[in-house]
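Below, each structure is written out as structure tokens.
Heads up, the next two complexes both have subunit A, just with different partners, subunit B and then subunit C.
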Partner chain A sequence: MSDLDKAIAQLRACRPIPESQVRELCYKARELLIEEGNVVSVDAPVTICGDIHGQFHDLMELFRVGGDVPDTNYLFMGDFVDRGFYSLESFLLLLCLKVRYPDRITLIRGNHESRQITTVYGFYDECIRKYGSANVWRYCCEVFDYLALGALILGATTDLAPTSSISLEESTQSTLPADDDDIESEVLDSQGRVQCKTIRTPPLRDPPTNSTSNGHISPAPDRDALSPPAERPPSSSLPNASSPTLGSTPQPSTSQQSSSSFPIHPPSSTGSILCVHGGLSPLIDTVDKIRLLDRKQEVPHEGAMCDLLWSDPDDIEGWGLSPRGAGYLFGSDIVTHFNRKNDLSLIARAHQLVMEGYKEMFERQIVTVWSAPNYCYRCGNVAAILEIGEDGANGGVVGRSNGDVGRRYGLGEEQVPHSSLPPPGRRYRVFEAAPQDSRGMPAKKPVAEYFL
Partner chain B sequence: MMSELQRSFAKAQLAKLPPEAPLIFDEREEDEEYADDTRNRSASDSSASSTGTIVPSPTKHLFERPKSSKPPPASRSSPLEWSEFFETELYLERQRAATKIIHHAYLSPPSSSGPLFVTHHGAGSSGLSFACFAAEILKAIPTAGVLSLDARGHGRTQVEKPKAEDDDQTETIDLSLETLSSDLAGVVQATQRRMSWSALPDIVLIGHSLGGAVVVDLADKGLLGSTVLGYAVLDVVEGSAMEALAHMETYLSSRPSSFPSLASAIEWHTRSRTIRNSFSARVSVPSLLLPVTTEPNPSSSHPQNTATKTTTSYTWRTPLPPTQPYWPTWFEKLSSKFLASRGAKLLLLAGTDRLDKDLMIGQMQGKYQLHVFPDAGHFLHEDQPAKVAAVVAEFWRRNDRAALVLPPKVGDGLKGGGKGEG
Partner chain C sequence: MLQHSILEVLDRSVEHKFLPPVKEIHDGPDVAFFLTSLAYRDIMTFILQLNHSMIPRKSESDGVKTTQVWELGSDAIALSEPIRKLQQLIGRLNSLLDEVPPDTGPRRFGNVSFRKWYGLVEEKLPALLQEFLSPDILSFGCLSSDAARITAADELQVYLLGSFGSPQRLDYGTGHELSFLAFLGALWKLGLFEGQGPGIAERGIVIGVFEPYLNLVRRLIKSYTLEPAGSHGVWGLDDNSFLPYIFGSAQLAPAIDEVDPAPIEGSLPEAPDASSVANRSLVQRERTRNMYFSAIGFIFDVKRGPFGEHSPMLYDISGITAGWGKINKGMIKMYNAEVLSKFPVVQHFPFGSLFRWEKDPDADPPPQATRTIHQPLREPQVPGGDASRARTGYNAASSIAAASPGPGTSSSWATTPSNPPRGMVDGVTRAPWVSATKSPPPPVKRNRPGPNG
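Then we have the complex of A and B:
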């Protein structure tokens, strides 16, 4: 067992690793991250996760629900630290996994991955408490500066990969209005039971047809709650062309599998998915402009890099002032334009607490994913992760749209297509806070002495 | 369990502080009164050695002395005049039902286009609590103005009832939230009339503690309409305030009930770290106290002692224990009103963030701006006036309607598909 594996085992047990190991880990992580561009390319299948905020036990629950690394390919959209009691263990574990399995986990930067924010919201104090000095905090902050600002998911499919809840298929197939190919998104609970499905509606045209998704609530099937979904063999009746890692089963998507199903399925390609912690910036109209930023610095108070980490979508037109004091609000027109211009089918982002764990907005053009259940041990919300399947339709060869402007139109003047790309198939797994004892929790904050 | 501990700790701390703090001065310190930060530190250190409980705060920024060109006063506990911080003071008479109230407020009027920061202090405090902040905000925004009132029952604001059945001492003042917020709106409007402003300037409301609840109530009721650009709440959160109320009686009873001099009262405030900036304490503390002339032995009448040994001591101007019935009503629904009211929202907290559930959700949904001052105490605007003013000034700049230029909307690209790009 290598030192790194030992460190992973120790961190999985929620025990901090020695300062010398942190230093070494952070050094290796930086070497790795410096090679990454500002926008990392990630191949589907991938599971997208939102804010963690030091809720270590909930991160373990996330891995239980979504599958473990390296079996599942993960993309974390930042805000690993602050507010929760185990920022240190959470971030270091993710960092260890990154160093150990660099191709199976992607970490991008959130607005809390910053010196200024962590000194106020807990991570700095936690490091001081656990190590007696600020060294570990300093090492971590140096890593923060190297984290990518965004990720582009390539090779996603419009199909929804087969769910492992076969009992559901059997029990409800007759009541479903369409067969599995038409399922655009579904929501599973932490036991893998389907809570709700959405049928694919015609792709968005210009002007947008106001097609709200037909949320279809399926009855939760009786299942043994304890048996992990992975133990269920895939049903032969279900298409398994695109086989994202479901549950904890590593299912390498071989071209064999894909080609066998190629004739059965229509092309299911979709655009890329841009993942970023906050949102868009008025200074950024193409993904390439993100690539040009100098990211290796503390998060600035304003400018493009700040906006990407701080902005929020909102029901407005155009750009608005963010009540947060940093970044902007942006409306659906901004997202529509950006997605079309950059061949994106979806923007996935985190940054905002959503009580249901995820929230799709603007005709499914943008989604907020939030992965910290019962945030800060008091908010009462559930958390979610988003699984994106792999498009195996063309024999495992990923049709890459890498965000280059107008690539689909060859050379010549820049064009913005008139219609949006169909959104990728989306499987949300919703989970609640892990039960945890209060050991190791710092004492309750003192109440103020004087408060009138 | 914890609160018990805290209480005993707080008591122990306070007990070590002499209620009438001896005035010990280091000559060397006085010479360097306004010299630099090192003086500040050495002052703290010497205090620490004299009481054994004071923690020096090296991060505290020395407050720069505004305006005055006078030589520094002889003592670092001597009172400072309001006139060093504000341009003028106003006495504004208002009739409300059967009550005549003469509101006292400090004003530095804004220039033609500048914003007006309207400040409301906390319970037991006064308009001069914002004196240092006012000086700093005017440095940050030279066109701005500051209006800082004394709430009823506080400072130099006078409430006169037509029938004086009781003594002033026993009369309970109406300190309901509704009354206080309508007072605040009334004072702003009366100021407009007194100053003959044709229209109200853009207003940023700032309230500390109880004052925070007052400004949020004012914003919630829309009493000043759309002139209110935004509101800032200083170190009060519904959830934690409600929790703290249970300990407030203990805290209040542990305060000294009187001081032999203004200087000793200032000393007590700085040494107990109630106010961690002695410069601010020197201007704000005197307004908290009333001189009381007492005979040497008030309980027993010994005629031989009269006249010669009459002494003056200083008691709290606003007795807080009788206001207790109002306490919970001040903070009830504060969080939901803070989030729901119109205008830009800024929450400034001292120490650590003490957000309750509503505000935690609101913050993580990006509904308001939060700023935490780890090194400040409850009176953060007195402890760190320059830093607080910098954040408030930035808050105003962001939300200034006149200067607001948003990025262009998606133009022709979306509709016309490719024309007029770039």
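Then we have the complex of A and C:
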């Protein structure tokens, strides 16, 4: 068993690892994260998770419900720390898993992954309590500065993700509807039982036009963070353009890619999914602009980087001042425009408590995912994770973009850009807080100075 | 003995110019000024005065020494007519709550029906004040008849309305609690509680008005799932309240004579052990007579999980063996540092003629930092960063001077507030820095402006 595996085992038992190991872990993590772009490309299938906030036992419940690493490919949208009692154990475990299985877990930065915020909301106090010094807090904050700002999920399918890889063997099969083509999303409880589903309605389309929908997204070279947006063929935003790690058959380059100025979206594939902790920024109109930010710093008080981590969608038009004092509120029109311009079918974000664990807004163009059940021991909410399936995974054959184009739209309509891309198939798993009876009381520590 | 100083009652034979209370704290340095202001002096004086009144008293009858304690619901606490009127006022606000059931529609967290309740209170408040406060309070210092002038009622109303949480953010925290304290302090200054022996009116205020207020607030929090403003999750003392921990620990401190200062350690002999706060059944027993346990009881009502996990600070404090007097002293220090010195909490406090935004000529200069408590570096170390990036960091000193609690000084609780704004929570996180620097959002291109614009 390697030292790393030992550390993972110890952290899984909710026991902090020694300071020297934290230091080493954080060093390795930084070396790894520095290679990632501001916007990490992630291939579907992937399970998207929202805020954790140090709720370690609930994170274990999440892994039980969603499958373990590395069996399940995870994307965590930040806010690992603060408020909860086990921020340290939670973040260090996720970091260990990142270092151990870098391609199977993606961590992006939340507004709480910041020096200033952690000194206010508890992570700093927790480190002092558990180590007696601020060193571990400092190591962790150095890692925060290297976390990516967002992720782009490629190769998502409009079909519902298959559940076969999940550990809930016996229940999962029965959850697959007989004709899952028409199911757009479904909600499963922690036992894998279907709670509800929605049927896909035919996508709305704009009249043919040649002036909309330019692909603005570069194909996101993971290891090439600062590459300029440059001239890349718009069609390169095609989902599934590259998913080598998942064993998909490499696609032959298609004639459509060169002959069309529009990205082609075959029936079961859809646009990319942008994952970001907070939301959009008035300073960011394309995903590529995120790539140009210099992210390796403390989260600024304002500006694009701040907004991505702080903003919230709201039922307004345009932009509004945020009551949080950082970031902005943005309305459905902003999301529609951004998604169209960037060939996105969905924005997934976290950052706001939702009683039901997830909340879709603006006609399914954006979703909030919240993964901290019974938040702060009192909110009574359930948590959710969102599974996105892989294009072509159902049939086990890829290359639909080559052969099956237009099946749903009829002949001659292949090149019509949609007004909005059909949202990906979405499987939510909701779960409640982990049972607490078995946990012992933590040891008392010396009181704060006020009481000395 | 400054410890015993009493909030001054205004002279009603002198014309008093009331002022509409306005926000004055806009950034960190304003907090520093606040801590040297007349308003701060009055708030702190009033808290210490109330605190002192709650400490058990030594008494002697027929040569037998006894101890008089001040429990919730105790007959020993005189409830004067003004106190009873205030209780009725709170009772009325409680019944308004019955009229506005929580909304059953979809919601993110806080229940929007709180806004309806708040709206009702706002609408009825002038009439309620007329009903429950005597005319000589409401027209205090009004020697000429000028209908347009600002009255005491105008100032009182602002503090009372600020006591129940934020209708915009659907949250409640220690800033709102402070506003209610100011409402009571304002009434004190207007002479509502005059004419009683030492400590009597104060006990009536704490037991007769403050605890019913807390119960109303707890009901609001539960009914409308108000989010905890100012909460640091498990890393704060309590999600919503602070003052019951001060007054409640005073209730269990060792008995004193009226002229004695507050004890700094020891406990009432029959007081429950500090460690019993983690014991649910002991808490259930004690919550009906003690404010500290009443507050802990509410935590047990709303939180699930091991006490040591969801309330580690209270849990650590429960390990103190030096008694409730020690806890009481620490709570006051902590209130001063974590509530009154925190920008996110006090920034909303409005200042008028009763709580004045004016330098207290007797205020000590803010003591220089003598030692730092466990505060982190407020200047983020930017890896490879240049100076321009450092603008994101705090640059004020983080130190909180722990003034030495010398004998005879009034500032044993005083700490230096040099630290800049800290964050605030209400389920969502609020940026702890000053929003004044925030640039406005881009103009809305469409026809309808957003409600938050």
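As a convention for this text, the second predicted complex is superposed on the first by the 329 of 452 C-alpha atoms of A that agree within 3 Å, B and C clash if a C-alpha of one lies under 4 Å from a C-alpha of the other, contacts with A are read in each partner's own complex, and residues count from 1 in each chain.
The working rule: a contact is a pair of C-beta atoms (placed from the backbone, for glycine too) under 8 Å apart; a residue touches a chain by one contact, two chains touch by 3 or more.
Bear in mind the structure is a predicted one, so any value in this text is a computation, not a measurement.
Chemist: Between subunit B (first) and subunit C (second), which does A:129 come into contact with in this model arrangement: first, second, both, or neither?
Modeler: second
Chemist: Touch test for A:64: subunit B only (first), subunit C only (second), both, or neither?
Modeler: A:64: touches no partner chain.
Chemist: Is A:291 in contact with subunit B, with subunit C, with both, or with neither (first, second, both, neither)?
Modeler: Touch partners of A:291: none, neither subunit B nor subunit C.
Chemist: Would you check which partner chain A:116 touches, where first means subunit B only, second means subunit C only, and both and neither mean what they say?
Modeler: Only subunit C is touched by A:116; subunit B is not.
Chemist: Between subunit B (first) and subunit C (second), which does A:337 come into contact with in this model arrangement: first, second, both, or neither?
Modeler: Touch partner of A:337: subunit B, not subunit C.
Chemist: Touching A:104, do we find subunit B (first), subunit C (second), both, or neither?
Modeler: It touches nothing on subunit B or subunit C.
Chemist: Counting only touches as set out at the top, which of subunit B and subunit C does A:376 meet: first, second, both, neither?
Modeler: both
Chemist: In this superposition, which partner touches a larger number of subunit A residues, subunit B or subunit C?
Modeler: C
Chemist: Which partner does A:302 reach: the first (subunit B), the second (subunit C), both, or neither?
Modeler: Touch partner of A:302: subunit C, not subunit B.
Chemist: Quick check on the output: what are the common subunit A residues between the subunit B footprint and the subunit C footprint?
Modeler: Common interface on subunit A, subunit B vs subunit C: 119-121, 282, 312, 317-325, 328, 333, 351-355, 375-376, 378-381, 444-452.
Chemist: What residues of subunit A sit close enough to touch subunit B in their complex?
Modeler: Residue positions touching the partner: 51, 119-121, 282, 312, 317-325, 328, 333-334, 336-337, 340-341, 351-355, 375-376, 378-381, 413-418, 443-452.
Chemist: Subunit A touches which residues of subunit C in the complex?
Modeler: 107-109, 168-169, 225, 228, 231-236, 239, 278, 302-310, 312-313, 315-320, 326-327, 329-331, 333-334, 337, 373-378, 380-385, 389, 391-394, 402, 422-423, 425, 427-435, 437-446, 448-453
Chemist: Which positions of subunit A touch subunit C when the two form their complex?
Modeler: 53-54, 82-85, 111-112, 114-117, 119-122, 124-126, 128-129, 134, 137-138, 141-142, 145, 282, 296-302, 310, 312, 314, 316-326, 328-329, 331, 333, 351-355, 359, 374-381, 433, 436, 439-442, 444-452
Chemist: With touch defined as at the start, can you tell me which subunit B residues reach subunit A in the complex?
Modeler: Subunit B residues touching subunit A: 2-3, 6, 10, 122-124, 209-210, 235-236, 240-241, 243-245, 247-248, 251, 274, 320, 327, 344-346, 351-355, 357, 360-361, 364-369, 371-372, 374, 378, 394-395, 398-399, 404, 406-410, 413-414, 417-418, 421-422.
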